[in-house]
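The same chain A turns up in both complexes below, where it pairs with chain B and then with chain C.
Take a look at the complex of A and B:
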């Protein structure tokens, strides 16, 4: 592994953030809105990447963490009338607590068993949402009222339905999570996580408590995913059980694999790519999922470690 | 950081110059794709653009296919008659995958990229509810054909309308008098344990009670269930009517197992045709339904007393006397719901003409003109039957059909009155700002 100076990595990441900021002023209206959504969902992918990419734990249940944030924030606004910051914090707290509980139970397993256990927990979470339909809206979901989606900062009120406010809110969340992720993976803790992924027994032998480290990774990962869910509810105004279904557990896996697992910017690339492939191809044919499938196969063939993973392997070894 | 032991390495293929060229070609393709095309048209001569949010893929695909055909037929008829305000109508279709997340994106795409005048045609409730905020934020009139109670509940926003099909609360309420008078007064409900089932769970008991009947048991079946026999012993022995609204592929198993459970002596059966839309009533396993009754929005099978308008509508859409596609008897339509597309488009036409609609700057006028509508007479524009429209809750009310399965077809035995399905408004959209 080539080691870059910290400055090089931070310049790259700040450059990406600056680019996204600049795009806000030049993108056509539709792509402006779409990119806001992509940034929020890229946060979901970054949370997933934290566990899958850096710890090597393949979860098929991360939709529950996203939904914990989605419902935690959405229901706090709808039923309790909480403000946007309080609701966002509620979403984060729901995700963190759920991740802690699930982590304690699921980390007793590893490999395929971990995958199945997380999937089963996510299914339980999904069915709970359906069961408490009186509160959650069941499979139909609930609308977060437009009037409640206002961020009050001192004397200023920012409507989250305003496209610019929404884009900038998504960018702020994305930037914070990106920089936090970068800091984590470059820290001693991040190196321990990679060590666990590469050889857990050896890491144990070196004196590290691998269970605690993995548990902390589950909690960080779950909380980041919940942040994405909470932001989705508040920025786009809808909470629904579809987001807790297995499809939304597979999507972040796909985004991360496409962009490059264990790369900090890979989740953004993967999410961006998938969104635009679907958006563009569905304009030509109703069989767009077939084209998406072919695109995925080609990517796996020619970019086996994902886009950024392959670029890092072949040209830019210093990419974090 | 890199993974040294190839944890993510799915193959060992190298990158060649050819690969790079393919990548460049793909990039160029992306750049000229529809997503990046700039749209501009002169408004006065340009067509009225209707964004059709279609369930082309996902669980709603069977409905989407028929909604698509009905929409095409209605637009053809409207254009042949001079269009709307003298302008032709153009339909732009986007697939929402029957997914609420994608649905909201599609509404945004119609509003900001295609710049359509309205968005229309959504069926599945979760997609409507997921898309409604995007429509409200874009101030985009959003005409759904969903039959969900979500619009009339006034929980959405002022831009969402359902003027072409009645909502499920109204439908259930209208069924109660006939059930109590003809099928029996002691009813057991069997329904899927999610929102579609809950509408029936919540709205039937009070409606039936008002008619002197009673729901004596409610059996909710989890959506993941594939075998139903174990639930049938929960049906009370004194049950006179089993009211069933199972949906999805499991309905065939449900009916078959119900038949095996009861044999030749069974209570009366009453269901909603939603269970069997796009499914041949003569499919193996459905024999047990012979003699049972179903709600139908619009009859699947041609009826002896069909109006000239109904006949013309069926011919235009391309369904035969059995409710299947002309030339393909296996392609059974979603007749009970898809008429709503036809009628909604004519409501849009009427409202746009009333508003003197010229372009997106008149969307607020269009909303107000739609809210001002009160009734739609039966005829070529409304072949299913006459309707009233409540502008405060953005919902229409109409007649319902009760059909009996006999001789391998559905024969209409009763038509309800509009009044049977009326209820007290739960709110008022017109108080919301435009």
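Take a look at the complex of A and C:
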């Protein structure tokens, strides 16, 4: 947050991106596919972190922004036959507009009321998806046909079902969002967001319109989550109402808390950790949730501010 | 000369209590005005109404010729009314630098240049003697330094009216002397409205004093006039039988 040399932070972030790029060539097929999925969902977590970590607003309805992107992109391909870039843009637009409307309404509240209001809106969104089953596929969901999941760039056409293309597309999206997040939190706007989190009353008395600043944060957060949802629909080809359920509002909160709220790389760490704990333990026992629970308790005990949050607090104060 | 700030019939009720009761007040540009009065006289409520932190029940506030009664607090800050809190409320987890950068970056119109923020922040920190503590988290500063940081944040807003709510509360005597110098320095470029309990500070600094009692203005005048006023003495020492 200081206006000091940002070099260290940028080197670290570019290093993480380079590492993920290199992993694409060495990982076995199964983990390759899993990591692509994790990167897309880490974008969801980063969007959530923007609002929860930096502005201090705990939303329990972010599944609606993810699924706005998911359905916005998916339905545009399935029903309207739009190309991949157009469908992705449609997903983003759906998320941004929804976030603006929800933001204007929900930001009239704060604290517990904000959690309840966002959760209720997300439930309404979920029920709307089920109600219009003729278009959305209801609780069955829809499969985006493979033939439509082709990205045409000039003369070359890239099939998004190809594992390498899929991995690289996920990496590009992840990298862009990671660097945008880093730039935002290091910017003056980021400083204002943190100030609002720390003491809203004081921030107002420094001449900041805290409502507008928060609303902008909701829209940025919602749009990032929608980008994740749109990418999910296009890369993995499935659009389903599960993604709009409460579970998918809780998951990003969990990922962010595990990795470290208000850290730029925390969402990736948290998502990665959760996925692999579930993946590894479910290979040994059907009672894997028990082990996941124990792992979470240990984390809370020894890393109360999440993995990166605690590392920053104890050792690396410069971590963004 | 036109007053910088005037209030007309300004009132605020909290339930049945009239915390501020029909106050007509005028403040001339360049003045250092002290507001004094017993506890519960309505001083803090009055300046909170002026700064927009709370809304009046009735009455009107005019700043620099414009009616600001219905403006939200942040918009009043942008017009040049800065308020420093009675209870220190710096951002404890941010560095002193970031605390001051928040008001500085808001007042900049060119928007982008990092150098301008840095220069503005360091200027405000140097004026308050905090420059060598710029990168300490504000929560780790001593209480006196936190009070000064609060003033530095107010200064960084480049206010036309700076409202100081009990700024010397909790300061050591040596710190108070420096503080008086600082307020004199500030008053060269801004009008100062000061709520203060420490009478030596008030007597040294104020051009004029307004005395509040039970939500109303009891007396107003130069320090000498107020000191000689028997009503004021009664309000502070109890009514003579």
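By our rule, the second predicted complex is superposed on the first by the 316 of 320 C-alpha atoms of A that agree within 3 Å, B and C clash if a C-alpha of one lies under 4 Å from a C-alpha of the other, contacts with A are read in each partner's own complex, and residues count from 1 in each chain.
The rule we apply is simple: contacts are C-beta pairs under 8 Å (C-beta built on N, C-alpha and C of every residue); 3 or more make two chains touch, one makes a residue touch a chain.
Because the structure is a prediction, the values reported are computed rather than measured.
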Which of chain B and chain C A:192 touches, first, second, both or neither: second
Touched partner set for A:305, first chain B, second chain C, both or neither: first
Touching partner for A:224 - first (chain B), second (chain C), both, neither: neither
Partner chain in contact with A:205 - chain B first, chain C second, else both or neither: second
Chain A residues touched - chain C or chain B, whichever exceeds: B
Partner chain in contact with A:94 - chain B first, chain C second, else both or neither: neither
First (chain B), second (chain C), both or neither touched by A:64: neither
Those residues of chain A which chain B touches in one complex and chain C touches in the other: 1, 191, 194, 198
Chain B to chain A touching residues, read off their complex: 1-5, 7-13, 15, 19, 30, 33-36, 38, 56-57, 94-95, 99-102, 104-105, 108-109, 112-113, 125-126, 129-130, 132-134, 136-137, 148, 150, 155-157, 193-196, 198, 222-224
Contact footprint of chain C on chain A as seen in their complex: 1-3, 188, 191-192, 194-195, 198-199, 201-210
For the chain C and chain A complex, residues of the former touching the latter: 51, 53, 72-75, 77-78, 82-83, 85, 89-95, 97-98, 101-103, 105-107, 114, 117-118, 135, 153, 157
Interface residues, chain A side, partner chain B - complex: 1, 28-34, 37, 53-54, 56, 127, 130-131, 133, 137-144, 146, 161, 185, 190-191, 194, 197-198, 236-238, 240-243, 257, 260-262, 276, 278-280, 282-284, 286, 288-289, 300-306, 309-310, 312-314, 317, 320
